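Listed after this line are the structures, all set down as structure tokens.
Below are two complexes that have subunit A in common, paired first with subunit B and then with subunit C.
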Partner chain A sequence: MAEKTISQQFGPVLELIEARPVFDESGLTAARYNLSLGPGECVFIECRDETQRSQFTDLCVGLLPIGDGKVKCLGLDWQQLEERRAWALRGRIGRFFSTNSLIDLYGTHINILWPRMHHTRTPTKQLVAEAVRLGIRFGLPGLPTQVPSRLSVLDRRRAEYVRAFLGGPDLLLLEDPVALDPKELYEAFLSELTAAREKGCAVLWLASDRSVWRDYWQDGMQIFRLGDDGLIDMRGV
Partner chain B sequence: MPTDEIVNPAADLSSKRWQLFQLFGPILGVILVIGTIALVTLYTYHTMRDGTIVLSRSLLRSQQRYITQEVSNYLSPAASTSAIARNVLNQADTAQDAASFMSIGRAILKNLSQVDSFYLADDTGRFWMMSRRKGHFEETSLQNDASGKSIYHYTLTDPDGRPLNSALFPNDDKYDPRDRPWYTGALHREDLVGKERIYWSDPYPHSSTHQFIITASIAFPSLGGRKFVFAINISLNQLTHFVNSLQVGHSGQAVIVDLDGRVIAGHNMAALETPGFDAANVHLNPDTQPVFLRALNIFRIRGDGAGVVHARGKDYVTIASAMPLAKQSWVLLLNAPESDFVSFTRKIQEQTIYFSLLIVGLASLLAFGLIYQGRRVSRLQSSLRFVGDEQHHENTLLLKVANTPGLLNPQQEIPVLSEVLVERSGSRRVSLWRLLPDNERLLCEDMFDAGRDAHAAGVELHKSSYPALFECLSETHILDIPDAEADERFQGFYRLVMQSLGSRRLLFWSIMEQHHPVGALMIEDPVNLEGIDRFVALASAVLSVRFTQQQKEEGSVEDLSLLKENTGANSQRGEKLRVLKGFLVNPEDGKKAVPEAGLYPRVPLMVLEFEEAYTSNTEVAKQMLKLVADLSGKIKKIAQESGLFSVQASGNRVVILGSCSQTFNTGDALRLADAAITIREACLAALTGVKTRLTFRIGLDVGPVIAAHLGMDPDVFNVWGEGLSVAELLAQSTPDGGQIQVSEQAYQGLRGYFLFRPRGDFYLPGSGVTRSYVLAGRR
Partner chain C sequence: MKTPSRFTIIHRFVAFLGHIVRSYLRFLLLMIGASWGVFNEGMLPSTWRRPVRYEFWRSLRQVAGGGLLSVIVVAIITGFGIVAQAVFWLGFAGMNQMIGSVLSTVLVSEIAPVLVGVILLGRAGMLMLAEMSDLTMRGQMRTLSGLGIDPFLGFVVPRTLAMMLGGFTLGTFFSLIALAMGYVVCWVKGIVTVSIWSFMFQVVNSVHPLDYFGIPLKFLSSGFVVGLCCCLSGMDITTDDNMATLIPRGFSRGILSILIINVVVDIVLGSI
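Up next is the complex of A and B:
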């Protein structure tokens, strides 16, 4: 059993403390970013720029170098973490990319299972069973085996959901993950999201349009806008 | 979080590397010490061995020189006597020469034991010989008599030359000295000078003296113009004795051989004087003398020199050298086992190894001491870290409790309290019980199951059923029950609550307010009890305030008359029920009373669902059928007494409608909720008494349904719709068996009359994020 640190048990899952990205190397404004995301919490960030969304999530997973401040995940500072542990920590994060992130060299099922197979010793049979369950939950007849380009856009998105939710991640980074249509998929997504949060998974939801999460938003949830001025708190606006 | 990660990012490997170093460092140090000692010992051994071998070779060389000198001395009479004979035997008269030969021969034989005999021959075939014969000397001459016949003339003399006996014998075998090898060999060397003039024969056994001899001969002219050949026979028997008597090392040997491996002198010739022994044909034995044979082979290739020969599993130091003063083809071979010289180094080596082992033992002891100390320090550090973490953990938990909004507000649920207690005690479940104002019931306000990460509430314990447990409420200290099933006071509680979880150990703490019990706190299967009393005291203090406040507030809650009017056996509002097929309680009471088909927007209804109700075992099925019959009877009776609209059984579910009218009546919902609690109690009581896995869940909602009459003569009244779906979903998703989960809509109507605890937010398709509540009991 992997041991937990105190911060993992009680501290924020994701923490940006005065984190300022290196301007030259990112499309993200070199502002100071502050964010604290506890277990089970869901934070909405509205951002119309796809590159900025992607860069911000890169910042959260320690892939974007920062000049000042700290970015911590599960209490571990990305900058102080040796590479091997950093990649292992990324294994605890489920991510939904705004651009297609499934590669055509292998079947979709390999795309889905690969991260878990790489980071854990979970038996493949068990992984497949969980992936099938999630696939059915998201409206797939099972675990798709064709290459991703042979799937419809909607089925690719379903497959990406399965990959992001597979293995019970501690943190979900979602870049524009869902649209209001089809309704079944939207509801299944929100249902799984809620279930994941109930298990303590923190969620960072970046979207270009707030209408997709308006129904899901509740009092107390953090909501930001990501722009050239950095992260702006939109609660009460 | 994955439990089987290959790399745990939270684990810092540098500390593990240090721990490994602490463990293996000293061991590595000991191995290094052992290795160094072994290397030094090996180096010393080889150095000493090489030095000893060099020393032993020098020793053997000096011994070889000594032997060579001795052999030269042994054979030296040949050269010196030949020179003397050449100068003395130079008379004009042959008779004088013969007399001189006999005198010289007798003198030499008398003084040099190795000399066996002398020959003298001239070119006319005359022959003289001087030899030993049993302490005397024998003079033999071969000459022609007056008749020209060749005759031997033997004279035996004493050591002073006085004749003792004489005899004449004819030369029957026609012996002619000029045909003998020593004669012809000497003539062949006549023209050479110095020692080269001397001819040496091959060794051969002498037929008359049985001596193994070698003959040296020299030819020279006389004044009379004749040629003489003088020969001296030297016995090799004494050379063999000499060689055999040499001590080479402890157990070494020496041997003189020719280049063909024929032994001249040495151990092989020990039987030299035995009759029949063929001394001329003795060779080195490859089986018994492999070392000499190998040394001889090396000599043939390399010439003189020392070497080491490995044979019979041992190393031998060997020396081979030519015998320059004797025949050029003779070789002196010496060998001695290496162990004769290096045995002392081996002894030193053994002593060194013993000392080394002693040092290694001490070093190992030191290393283990270091490891032990290192482990102790590590453990100490770990325990310090653990204590620090525990304190941090405890502080975090306290902070978590302290930061809970409305901690002391009884209207606000605080699930954090049970969660923190579970976290702190490492237990499987923690439950908080409130003593209701009648002091007759304990109501479970919160029950947190760590394994399922779920809260539950609502179970009631009646004093009449658990009198011993209620007596424990007056205890002022923590009761630690190792096995609740075996403890009479908690047996009932075990069967009702603990058995389903499989827990056995129970911590019971009575919550007091001014020495009066107001509730209880129970912890199942705790693991970490150290310092738990502080947390329990804190929790009980908080709960004491909340429970006391709650009791006060319950005295002034809303008027319960409506509830009383609409519940229990005194209910006047219930409709008269009839029983037809498919219903336990049928809504039809005459065609007029049956509602019209259509949509009913707010109907109070509940779904009672049984789990594990099926078995393939006939006996168990019989018992279960009896239980089901009992339960169905009770449910029907409760429904009838509560005046519910209908009770319809379908499979393992029972759908109960509180009413079915277009206008919502709160009383109908209250009756339904009250009936739900009564049914739950009836079910719990029935299930507690028997050993069964059967359990039940109840979902309650107020929502829209569609009512319809299905079929003709008679038709069947049936309902479906969102309300029923939600009630089913709530029943299926109750946190635990035996609980009643209520929708937000139902909660709105019932909250003033019943006790609830919110379960949390859930996303429901079509409903979005919604809330559900667990109906705990009546106020």
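Up next is the complex of A and C:
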């Protein structure tokens, strides 16, 4: 008897079933998308178009309207969810955006803590301690308090890692999150990613270049290519 | 003229008329819907999470603290001008007993809410508009949505309510300072001889009972519409918009909202 996958044993964290986004002449093609991602699993998607990457992750979090099919997260269908519950469910997802997502209205520390402070009642001290630990892990001196625009590009990326990994999300959606340089940051990122997966976090890693995940890829991991034809399975190619 | 071409002309005219009506009424309908949304969400305890409270206090500090000096200056000028002139001319006409009534009706009830609304709009509203439009144009509102943070909850609710509370605070300061300044000017010139407490008592005594509800309501609603109008104008933008088109549009919408809400409150409370 064939061995059951993690998704089959525990139910998928993210599931796209024949999901067809509404065609609006830009970004994601109105093809049918199928994907199943179980707890602790990591899926790689190669996509050179930044808009497509961003719209695909929006599709996964129920922000992009779909014409047919279903998109489910933790077993809950985005289309069936009441608005407040949908916002709360998005709070269980850690995201790394390809565009600058830290806003200059607040200091970087508020930007990092904001989603967790919004969605949970975890004491602020506890969140700060965890953020400082993650910050140091990624090479920050602690929790930066300056506005994001005063930080270097690399420090902003570090801050975004801290925000994405903070609070132990159930799903990580990463849009072109890492480059091979600097080596220490690359290794710290992979190490935290592995630690998160061991705790059951599912990972969807979209990148423009497959060289960034070559060292991390293992047999059995799903690889897709996202393009004008939709999501194409690349295992065995 | 053939029937189909007549039909085309009528069709185009009706379409044009519909376009005009829709484009002008759209923002009004948006304001009405969002007003209900702000009240509805503001009542729910779950709305007041840590970042929402943080944004509320930050905005309140910006609105009340930042606008206080402007309000004091404008109130002093108003006291010099309107109050002193009103007292002088009423005394000249031998209608000293009308001073309280005229000041409470004209200054506190009509002029103060409009002036405070304009100060709020210029001092804090335009800043809000610029911040919100910047976030929308850079796609950061969408980013926040992706993190599960509803921009309406994160920005519109706390900022509008902070502006509402700031409007009431600044309006009260404005009224007191303008009246006190008017009294001081008249007292120096020897136009009034009563004490400041008698002067204030005269004003308070002539306030209609309904105005004890109406005046605070005007201050609150002026702040509310300015806050909501600026937040929505900043979020409701197209790809063709930039600061050069947004700021004048937001300012004219804000002024119009202040005037309309004051007239509406007057009509509802039967002052007109």
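Basically, the second predicted complex is superposed on the first by the 226 of 237 C-alpha atoms of A that agree within 3 Å, B and C clash if a C-alpha of one lies under 4 Å from a C-alpha of the other, contacts with A are read in each partner's own complex, and residues count from 1 in each chain.
By our rule, a contact is a pair of C-beta atoms (placed from the backbone, for glycine too) under 8 Å apart; a residue touches a chain by one contact, two chains touch by 3 or more.
Since this is a predicted model, take the numbers as computed values, not measurements.
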item	value
Touching partner for A:R95 - first (subunit B), second (subunit C), both, neither	second
Partner chain in contact with A:D170 - subunit B first, subunit C second, else both or neither	first
First, second, both or neither for A:D58, with subunit B first and subunit C second	second
Chain touching more of subunit A, residue-wise (subunit B, subunit C)	B
Which superposed partner A:Q218 touches (first subunit B, second subunit C, both, neither)	first
Contacts of A:I103 with subunit B and subunit C, given as first, second, both or neither	second
Partner chain in contact with A:R85 - subunit B first, subunit C second, else both or neither	first
Touching partner for A:H119 - first (subunit B), second (subunit C), both, neither	both
Set of subunit A residues, in rising order, touched by both subunit B and subunit C	84, 87-89, 91-92, 118-119
Subunit C - residues contacting subunit A, complex	46, 49-52, 54, 131, 135, 138-140, 142-150, 153-154
Complex contacts: residues of subunit A adjacent to subunit C	57-58, 61, 63, 84, 87-93, 95, 97, 99-101, 103, 105, 110, 114-115, 117-119, 124
Complex contact set, residues of subunit B against subunit A	1-13, 389, 392-393, 396, 400, 453, 760-766, 768-769
Of subunit A, residues touching subunit B in the complex	1-6, 8-10, 74, 76, 81, 84-89, 91-92, 116, 118-122, 167-170, 187-188, 190-191, 193-194, 198-199, 215-216, 218
